[in-house]
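Right after this note come the structures.
Common to both upcoming complexes is chain A, partnered first by chain B, then by chain C.
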Partner chain A sequence: MEAFELLTAGLGNFAQPLTLALLIGGSLLGIVFGAIPGLTATMGMAIFLPLTFAMSDTNGMIFLLGIYVGSCYSGSLSAILVNIPGTPSAIATGFDGHAMAKKGLAGQAIGYATLASALGGLFGVAVLMFAAPVLADVALEFSAQEYTGVALLGISIVAYISFGSTIKGLIGGVVGLLLAMVGQDVISGYPRFVFGSKDLQAGLQMIPVMVGFFGLTEVFDKLERESHIAVIQTKIGRVLPSLSKLAKLSPMMLVSSLIGTFIGAVPAAGGAIASMAAYGVQKRFSRHAEKFGSGAPEGVVAAEAANNAAVGGAFVPMLSLGIPGDPQTAILIGALMINGLAPGPMLFATRPDMISTIYLGNVFCVAAFAVIGLVGARYFARLMHVPGHYLLPAIFIFCIVGSYAIRNTLFDVWVLLGCGVLGYLLQKIGIMPAPVILGFVLGPILEDNFRRALIMSGGDWTTFVSRPLSLALLVINAFIILGPILLKRLRLRGLNQED
Partner chain B sequence: MMKVRAKGWFLLGLLLTAMVTFTAAPALAKFPDKPITLIVPWSPGGSGDMSCRILAAQMEKVLGQPVVVMNMPGAGSMVGAKALADAKPDGYTLGFLGISATIAQYTSVAPVLMDQYVAISGVINPELCLMVNDKKPWQGLPEFVAFAKANPGQIKNANAGAGVIDHLYSSEFAKVAGVEFTQVPYQGWGPSLAALAGGHVDSMFVAIGPAKPMIKAGKIRPLAIASEKRHPHYPDIPTMKEGGVDIVMPFWESIVAPVGTPAEIIDALDEAIKQAFSTPEVQKKIKDSGLDIAYMNTAGIEKLRSESSNKVKAMVEALGLTRK
Partner chain C sequence: MIPLAFCLLLGGGVILACQDFPRAHGSQGFGQGPAFYPQVLAWALIGLGLASFLTHLRQPAPAPTETAPAEAAPEEPARYGLVAAMAALAVADILVMQYFGFFVAGFLLMLAMICLIRPPRGLRPLLLDLAYSAGMVVLVYLVFEAFIKIQLPRGAFLS
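Entry: the complex of A and B
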């Protein structure tokens, strides 16, 4: 009965025209903020937060939820259409999404991304509704040792997402690690590669580095080839995949959603790691691993189901314990607290309608972006037909504006330009942006937690295997690295025996 | 005749209007006549950002011009401080710099010194509080200290990063109480609170606001607050002094302007901030949100600022974190 109340107590809110308008408006805003590289959900939510002061607490929450959920989905649009992920969590989406678009399948790619996002999103909310307290306790068990294991999992993926040469992929990963080292070390406070500059002391920011490596690199690359590349003028076929294809992909979506929800629930891991981990796992265990990266719908689906499922996951520690899983949920906590509501078990008892509103709001926001995405897919896909001499300058401007807006400093624009040029040159010698960014994102997580774990254990290395969770993660790591090789052996042996 | 009289009335009216306007606000007839920017050196969503957004929304009503919050995070607030110090001292660019900027004077490789900006008003947080994981047996500060004394280095204390305020204060606490912690640095209070709630570390010195949800969830509990007297909002939390450790840990922010901003503009802004604070609307938000910030006037915050600066310098030197 109580659980039922948690699901339905807020249902009445959604019958209000104003609430619905805020939900759709928030989702649209989120889609815009998510799709434009450099504009982030965090930024959008912070800008619109004061607006919610004038709304009822549930309406304010729905509006902010719309921005959050919408932007998590729409990062995929720019990744697919122009090969520039709108948000870090859409990096993996671009691998196959853009490859599909280049084949003239932009509409379909958006269709797949939208459906996978919607299913992933709903899966995440379902887990949130039914397993939040249990999952929250598991997530709290995560200490530095376990974070080290998760980061290792991500790093081992570098090898798989480097299409082409694995060695070059690893070199790219190291470039990313080096870039991530710039700035003041959290553990010791020591400034590294800072050269007496306060900007460098603050470290390189995620957004300018990512937009530089993906966005500008792409712009430079297109500029070079513009003269001898014909604009693809294909008819946009059906957007919705066939039911049989969908059925074939559904186990994959489920696995990705599971990975996404779980990684999302671990504080500070987030959608970017979730989608890359899911993509890496799917590629590693797929029978058609070679198709990944060349426009396989599987790749789009794997990444998008995971990063949207991570949203539901992020709500788990937020609602049960008041721990923000990512910067966006930090703002949602702030919005709750301004209204005198502290997230945590008490909120479930005192304001079941608010909990219900968050659950249902998530579901309705997913529905909103699914409709907007599927209806809009044909129109979005036309962006592919815009000639480069209109599109490239526009992208260039957005990259600069976005990088500036993240902290309102010109320094970040220089970082953007530097990373763009570096990315372009590296691409020339076969080192792609993805492993660089992966190294950049995961490096600090791995380093800080590794050192933190050793501080806590007093320098005892067995701490990584004496904790059950950490051991389990290391075993999973070993399985992912060695599993496919063993599988291949087994299959070969099976074949030999049949002969 | 009529015409002349009308003209006379008109002139008289004009004169009266002019007199009223000029006597009411002689020097500030025009301030502010365009939007004001408030530089916040923190990311959106944190408690500092939240305080600024609440105050800015109300200051706009008082001043009649928008007050735009601009986030410029990085380098222990030095990125934002630099932008503020470089801004024109005309009252249209303000900053939100507190004790972190005071610390960064000594730890930053390219510091913005405190004499490059002046304080308008103080935004005072409750002093830091010692929190422990709820499963730990210590019921009060004396027990905690006794355990720490008997087991040097056994207590793992989480801090928000090397050179961050709670790192300095907790090290100072260890010195005053005669104990030894194993310091475990995290990146900010969010991750360190999660580690405390999960029981991976034992203690933490943190503001009450961000810890509130976890206190309510029964994951962590406050042992003592580092203030002179018990905080009116939290009368149940004893002070550290009561528990036998004579230490205070002021945690303040301030709204500042570049040095050279005219005194009458500073006064006008201080008045606006004071008014914004005193509205029931803001008071309710401050209370509900658990931000618990309080207003302090220009003279008060200037005094607190210079006191803090000297104390912080000694703490930074003791930890060997000095860069310049």
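Entry: the complex of A and C
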């Protein structure tokens, strides 16, 4: 399919008033979830995923995209105003953004953050449009062996990069794979781990599991360590920065966007790493490195351009390989699967309108948050005053109703509660929810391809290393898991020799 | 130690549960039996648990310092009781919902949670909490039942 055709196939969707309303509504919700410390994009997307049942698949995708893109931007608002990043990707924004706010330049900091976020977001989408079809063409050559390697790659990268130890990340991934196994065996149809329950025969539904691990776990965590947020009462003055200053900062925005897109495309790397890396690079090469951290607009711009560009990057592995780049894209993959669509290279051939909707949806969502952000910055600042004792029960109720809504059965609410408690307890022993969910999403892909590869080869395990591409993927997997350990040992040996 | 115990319990449980699964025999049966893949995962989990334990054992103990540690900022105590109470409330909510439906259960859950997190001091905050709980139930009704046409649970007694 031609690139232009791929870009325009879904353009008609955006002429519908309902679609535009969902786009703006999603962006607004995303801004709310990103701006309030303690609420996250993942939580927002998981809670509102059931609402997409009532929408067409493209409208549902646009709505979720709005939440994703909007919250990625608005994490900067709380980072600037209260020095508590609304999302992890806004940590670096707070370094200079909050310092600017303390100097009475909160409005300008928000203005820089909004414009840099918009540019970064658009840059990420441009790279996505170019890179995803190319990678998808390569992925069309994949067989069961390669897909096994790709699924393992998704889990091992998430385990490596996720907070805490790699081994605990891998344990989380395996727990997710085990949860995905409940229900009928994909090949023989034998019911596994159903313990006589008819409800379990269909397997655990994606929404209660996702909402449980991402929504309820966070609610429990927040309840446990409720912190009283002291909001700095700062006046938001002029928001739009001068054109000359913007022109001066634009090369920096482009470089940060490039860094952000590249890091975002690495599965599980995400906006937090992207913004920190871009901030670090800009500081390292700046002529005024000493100003970073004390209220330099350059710091805000570097961090925000990178973390929003990472969104476009995260879509590259999702669309081309069908593996989620981060927890948010895992939810989007879930949304596609619920609608009977198989994410991955075939989507380019079977549903070009969906691919186009994702491309254009990203662009329009960026435009929406830029306008909403610039116009409503001073109003969104008030969101930080919402008291937790009203917010958390409301989220709880939405989690319960959202899980019930999939099949109109209270069994799914029990699953939600079980997953929420399990996620909270696992978090207590250092196993974070993200690898569990990634394992759950990738479980069917991994099992199906792993077992098919073995069946096709008559039980010959060398099938995974006899194909060059499959071997390369396994080597990359091994390097990701074992590389850091080996490097650490080499470094320790070097230090011992020096002593 | 806890991650190891968790992995041993879960992995061991999966292996035990797989004992009753039908077996596939012969070279062509490899990978076909429903027990094969869960067992691979269970052994992987047990291996990871052991690796986690060994890594924990090999971690060097923090070196003793001669000077007194810097005074840390006072941390809020973890509120495990509140978390447990919330989980218990959610269980009660599901049970109440089975008999009295969403509107009663949802309202009671909202109110109980709000009062548990921050007990109202006086009549005015209590009225505010009541109004907020009722408003939230109405909002959920509007979003799910009126907008996306999903019938919320009515309950055995009220349907």
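Please note the rule applied: the second predicted complex is superposed on the first by the 271 of 499 C-alpha atoms of A that agree within 3 Å, B and C clash if a C-alpha of one lies under 4 Å from a C-alpha of the other, contacts with A are read in each partner's own complex, and residues count from 1 in each chain.
The rule we apply is simple: contacts are C-beta pairs under 8 Å (C-beta built on N, C-alpha and C of every residue); 3 or more make two chains touch, one makes a residue touch a chain.
Because the structure is predicted, anything quoted here is derived from the model rather than measured.
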Which of chain B and chain C A:56 touches, first, second, both or neither | neither
With the two structures laid over each other on chain A, which partner does A:192 touch: chain B (first), chain C (second), both, or neither?
-> second
After superposition on the shared chain, which partner residues are touched by A:458: those of chain B (first), chain C (second), both, or neither?
-> both
When the two structures are overlaid on chain A, which partner does A:250 contact: first (chain B), second (chain C), both, or neither?
-> neither
After lining up the shared chain so the two structures overlap, which partner does A:294 touch, if you call chain B first and chain C second: first, second, both or neither?
-> neither
Classify the contacts of A:43 with the two partner chains as first (chain B alone), second (chain C alone), both, or neither.
-> first
Give one of first, second, both or neither to describe whether A:143 is in contact with chain B, with chain C, with both, or with none.
-> first
Who does A:170 touch here: chain B (first), chain C (second), both, or neither?
-> second
State whether A:16 touches chain B only (first), chain C only (second), both chains, or neither.
-> neither
Once the complexes are superposed, what residues of chain A are shared between the chain B interface and the chain C interface?
-> 53, 185, 187-188, 190, 408, 455, 458
Partner chain A, residues of chain C touching it in the complex = 2-3, 6-7, 10, 14, 17, 21-22, 24, 27-34, 36-38, 41-42, 44-45, 48-49, 51-52, 55, 76, 78-80, 82-83, 86-87, 90-91, 93-94, 97-98, 102, 106, 109-110, 113-114, 117-118, 132-133, 136-137, 140, 143-144, 147-153
Chain B residues touching chain A - in the complex, by the definition given at the top | 43-47, 49-50, 53-54, 56-57, 70-76, 78-79, 82-83, 107-112, 156, 161-163, 182-187, 190-191, 193-195, 197-198, 200-201, 209, 212-214, 216-219, 285, 287-291, 321, 323
Which bits of chain A are touching chain B when the two form their complex?
-> 42-43, 45-46, 49-50, 53, 140-144, 184-191, 194, 196-199, 201-203, 205, 267-268, 317, 320-324, 327-328, 330-331, 333-334, 337-340, 342-346, 407-409, 448, 452, 455-456, 458
Would you mind writing out the residues of chain A in touch with chain C in their complex?
-> 51, 53-54, 165, 167-168, 170-171, 174-175, 177-178, 181, 185, 187-188, 190, 192-193, 219-220, 223-227, 387-390, 392-394, 396-398, 400-401, 404-405, 408, 410, 413-414, 417, 420-421, 424, 426, 429-431, 447, 450-451, 454-455, 458-459
